[in-house]
Amino acid sequence: MIVVLKHGVSDEKKAQLIAWLQALGLRIHISDGEFQTVLGLIGDTTNVDMDLVESLEIVDSVKRVTEPFKCCNRKFHPDDMIVEIGDVKVGGGNFVMIAGPCSVESEEQIVKVAKAVKAAGAKLMRGGAFKPRTSPYDFAGLKAFGLDLLKIARQETGLPIVTELMNIMDLPLFEDVDVIQVGARNMQNYDLLRELGHLDKPILLKRGLANTLKELLMSAEYIMASGNERVMLCERGIRTFSDYTRNTLDLSAVPMLHQLTHLPVIVDPSHATGIAKLVPPMALAATASGADGLIIEVHNDPMHALCDGAQSLRPEEFTELAEKVRAIREVIA
Amino acid sequence: MIVVLKHGVSDEKKAQLIAWLQALGLRIHISDGEFQTVLGLIGDTTNVDMDLVESLEIVDSVKRVTEPFKCCNRKFHPDDMIVEIGDVKVGGGNFVMIAGPCSVESEEQIVKVAKAVKAAGAKLMRGGAFKPRTSPYDFAGLKAFGLDLLKIARQETGLPIVTELMNIMDLPLFEDVDVIQVGARNMQNYDLLRELGHLDKPILLKRGLANTLKELLMSAEYIMASGNERVMLCERGIRTFSDYTRNTLDLSAVPMLHQLTHLPVIVDPSHATGIAKLVPPMALAATASGADGLIIEVHNDPMHALCDGAQSLRPEEFTELAEKVRAIREVIA
Amino acid sequence: MIVVLKHGVSDEKKAQLIAWLQALGLRIHISDGEFQTVLGLIGDTTNVDMDLVESLEIVDSVKRVTEPFKCCNRKFHPDDMIVEIGDVKVGGGNFVMIAGPCSVESEEQIVKVAKAVKAAGAKLMRGGAFKPRTSPYDFAGLKAFGLDLLKIARQETGLPIVTELMNIMDLPLFEDVDVIQVGARNMQNYDLLRELGHLDKPILLKRGLANTLKELLMSAEYIMASGNERVMLCERGIRTFSDYTRNTLDLSAVPMLHQLTHLPVIVDPSHATGIAKLVPPMALAATASGADGLIIEVHNDPMHALCDGAQSLRPEEFTELAEKVRAIREVIA
Amino acid sequence: MIVVLKHGVSDEKKAQLIAWLQALGLRIHISDGEFQTVLGLIGDTTNVDMDLVESLEIVDSVKRVTEPFKCCNRKFHPDDMIVEIGDVKVGGGNFVMIAGPCSVESEEQIVKVAKAVKAAGAKLMRGGAFKPRTSPYDFAGLKAFGLDLLKIARQETGLPIVTELMNIMDLPLFEDVDVIQVGARNMQNYDLLRELGHLDKPILLKRGLANTLKELLMSAEYIMASGNERVMLCERGIRTFSDYTRNTLDLSAVPMLHQLTHLPVIVDPSHATGIAKLVPPMALAATASGADGLIIEVHNDPMHALCDGAQSLRPEEFTELAEKVRAIREVIA
């Protein structure tokens, strides 16, 4: 961490600050320039409150030199992490398509969709059993029964299950789930993250509506620092002033995350846009940007979907899309 | 709900849509204009998926006429709600100052600050025992022990306690707390909200970093629909492109919320700005905008605060501010 | 336009409003529902102040049914517009790569880069002679002399010139320029737009930093309503809270604009990201999203560029990118 | 400027970078720490392209220590600037109310409103003659004739005129105007700013829709660096995801700008909210936040205003507001 002092600070005040920083266990490297003094703090600065130091009267500004994330930092893990779910691999050149309905609605529906997406090339199946809904009056998922239906669909197709957990107390129900998804609204539910860090199960961590990449990585860090390294990140649109689409898909996050971290990056074009017609072009764009996978909502009968029908592809649309996705993978490989 | 059909839709398709809507239990009022047909949906439209209807090929656009929130809707509750905490009243002309440190750190600290803010006119005391932190490596609060220290401070001063709950499983520890705070990151933790709806205890619900007023009200609706009507809303800054302050305090939310809902609206200038020097002007501005109260971080020794020292006022600064706040209340009353 | 009245409005007030609307030359279609009255305004509502109507005490809400843009509206122009610059075509399936340095710096530089990008497949050359700079102390371009150098490069390569105009008074200097670019900061410089509407020359209109698609289209409308229909739109990143990249590239704008308008849509990944390493993945993503072209900064010596060196590709990087762009075009065609 | 090098950079590469920086006329202060090398650049760094340096392979990060604005920097001008318009003073403890209609519509209208706002305590009168409108089909102001009507109103009341200039070519018409307003959409119209820098006339510079405080100050710098120091800044709402109000009024900008610059800061609650009912609470809040003045839209007949009727106060509402504003000024003085 680097602390730039204001011009003309007295030696006494400077000495006080240095003593205070030393008391935090840091060594201080002083560099007196003509116009300013710069302090380099050496040692573990993870616990230094940067905002507090910056608020001091004699301090001009503070700059953190090392990122506060470690477990998920590419600098310390130069090779791509490959997350394995059964014999499905994600990351390090392994691309995965995850598909299925927003909500599990019935055995017939989930089995039908699972078979269709498998035929189209999906390697994992998604489906919500516990649904976060803005309104308390909306359908909130079939819960435990929904998980049972997902397992039936898995038995029929062999596709591993990706499904969302909203609440630590439901964790026992998720024991036989293959990948646990943390939704955007729970990205900073730190107790939940820490708990997931104790599992031996891959986590799909979605970026919050208005969270920076650094915050996303700090949330991954919560899981990894507790012991579970199998984290996949997911960009699913951020909230901006733009109002034609539900959210604004931030695809630059894909190559930027690849610079910052070794974790795989999945893109969700369905929630990002909220509009079925925009899902194929955005899925192709995400693939071209270098994403390690896609998670896409597919429903056999969007008109009667209990949730998010407006953004669901029909199986035949997904099949057509999947072919183009594979062709783009070949171009950029 | 109003559905505007595209120009030149065939009678057959129109009839199909109407039949589908009727199957949802709605009556349909058809208005055939020269250039467009408008359908008025009559009945309980709470469960109609507006996005899905809008995505249909024959539909031009959809407009919700009634807000989806009821319990917290000013239209059905024209009089201000007054939330009572012991003999402290909030709302309906009753203004409250809530003050205290970001984190409870020690008995000496919390008692000292509680006495100081009480002397300055605060009617409730704040202090974090469970702290949401972006980094897993940061100080996360004294937890249960912190709650005990808050109770000691309450005994010494008589000030009721406002403190944050992050996790349903901690709820038993909060039985003797006076007001439970839901932090910005948990504003859409729906299971938590629903659980708080079963309590007989006021809730201070903070607006999420990037949530609209409607979403804030829908979250209040979660609590109220489960039976607990004693909800206070809190504006604490939103995330924007602006980077000089930690967040952007959205004070227009205060009069706008007063139009939409009968619930009291509190403002938190400390988290909104993140900078102690900006807290007094923003606290005064919030008061002038018509807020029902302020929640302000005060610390006896900001330089050694374990958390958020940069935004904490010293007791003497808070005392001076409180006097001006009262003077502004007199101007706008 | 549809006006929804509040519940329980008196007949007298309703009649007053209707009379006022009729005085604006509109016919009113009244639809009295059980719970609300809806007025359908028929006629030219372009001049009705929607905000004013919405502010009236008896009005619940107002909804515009027809978009306020006409010349650039896909509804009235179902076929893609193809913009021709010499024998280069843009739109309607014709993809174009525009490339060149941020600023024209010298004859040697611009000729060298122009030859390189032509060899790589660019069909138009870009280069700034008049540069908008945030700081008055920054290099602001070679101005008229820069335009002369661009013309030399055109003579050497045959590539038509795309360059930015900042000021109506400079217009005479741009007579022999092939495409005039309107920069993001001038997207709502209405006098400038109107003036460009009198030219017989294609315009590349960049989206403003925080402008909606509707606003972008209204600015295109300014140019087209004055007589010049040859407008190309350009997405170049919007301003959001996200701080890892200079702007956030909004690629969903590409398919969404294609729904709303028949004008070609170009993407600028260089300004959107500000980081050379992110330009190739974002250029490929833009291509996959269905863009009609790319505008990319290429510099033979980024280290010594007078402007935006950090986001410039070297010619060999551009060549490699161009090949992949063509391969992706084949996939999505 | 401080340049932090990556860990383990070779001496050769380090020497190359230093030579390159020296060639830009800078002296380099090297500080070799245990884990990193920090270069302090001494001299005029205004022209160093920070993004370019940051993009170099051996550079970890770059930090600008001195702000790039000088003329408007509080550091070099510790005393508040007081802008004088006739005998009206703004800044340095002098508070001003500016009021009038959005657009000048007729002699009767502007004179009537001018008299009313003068009686209520306004010291300057506003009124648009040249109006920037999103749509080419909207009323764009009475132009030169509107300026004539403003002058008549000035003669009748003695109130100096504040009115917007959109285009350098209209400048001759503004010779007898007292204060020239630069609208939000023109905040980065650099040629216009530079031209205004040659005048001997106060400028009211509005913050752009999505511009940071630094960008606002850089635009003030354009005017001041050209010789005209009489600049007043104006906060008028920024664009965010929040959709209940037209813009989000960013009141923290007021005390923050006061820290950064010695220029007066005016607040425009009318354009910030777009809703007349929200103007009084936001005007009071702005006053309490320490603003040096307010600019407020007042119309004698908002229902028939040609522009922005929805956000205009009636004269009697303005009179009532003005009294409370004065009372709040007394509290915070």
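All chains are identified by letter, namely A, B, C and D, in their written order; residue positions are counted from 1 within each chain.
Heads up, the rule we're going with is that a residue touches a chain if its C-beta (ideal position, glycine included) is under 8 Å from a C-beta of that chain, and two chains touch if they have at least 3 such contacts.
Keep in mind it's a predicted model, so treat the numbers as computed, not measured.
Participant: Cα superposition of chain A onto chain D: how big is the rotation, rounded to the nearest 5°?
Facilitator: So the copies are related by a turn of 180 degrees.
Participant: Applying the document's contact definition, name the chain pair with more C-beta pairs in contact, A-C or B-C.
Facilitator: Here the pair linked by more C-beta pairs in contact is A-C.
Participant: Indicate the whole-number Å distance between the mean C-alpha point of chain B and the mean C-alpha point of chain C.
Facilitator: Centre-to-centre distance between chain B and chain C: 38 Å.
Participant: How big is the gap, in whole Å, between where the Cα atoms of chain C centre and where those of chain D centre?
Facilitator: Here the centre of chain D sits 26 Å away from the centre of chain C.
Participant: For chain A and chain C, what's the span in angstrom between their mean Cα positions?
Facilitator: 31
Participant: So which bits of chain D are touching at least two other chains?
Facilitator: 210, 239-241, 243
Participant: In the complex formed with chain D, which residues of chain C make contact?
Facilitator: Residues of chain C touching chain D: 20, 46-47, 49, 51-52, 54-56, 68-69, 132-140, 166-169, 185-186, 188-191, 194, 208-211, 215, 218, 221-222, 225-226, 239, 246, 274-276, 302-303, 305, 307-311.
Participant: Which residues of chain B touch chain C in the complex?
Facilitator: On the chain B side, the touching residues are 2, 4, 29, 31, 33-36, 38, 40, 42, 60-61, 63, 65, 210, 239-241, 243.
Participant: Which part of chain D faces chain B closely enough to touch in the complex?
Facilitator: Its residues touching chain B are 210, 212-214, 238, 240-245, 248-256, 259, 272-273, 277-278, 281-282, 284-290, 324, 327-328, 331-332.
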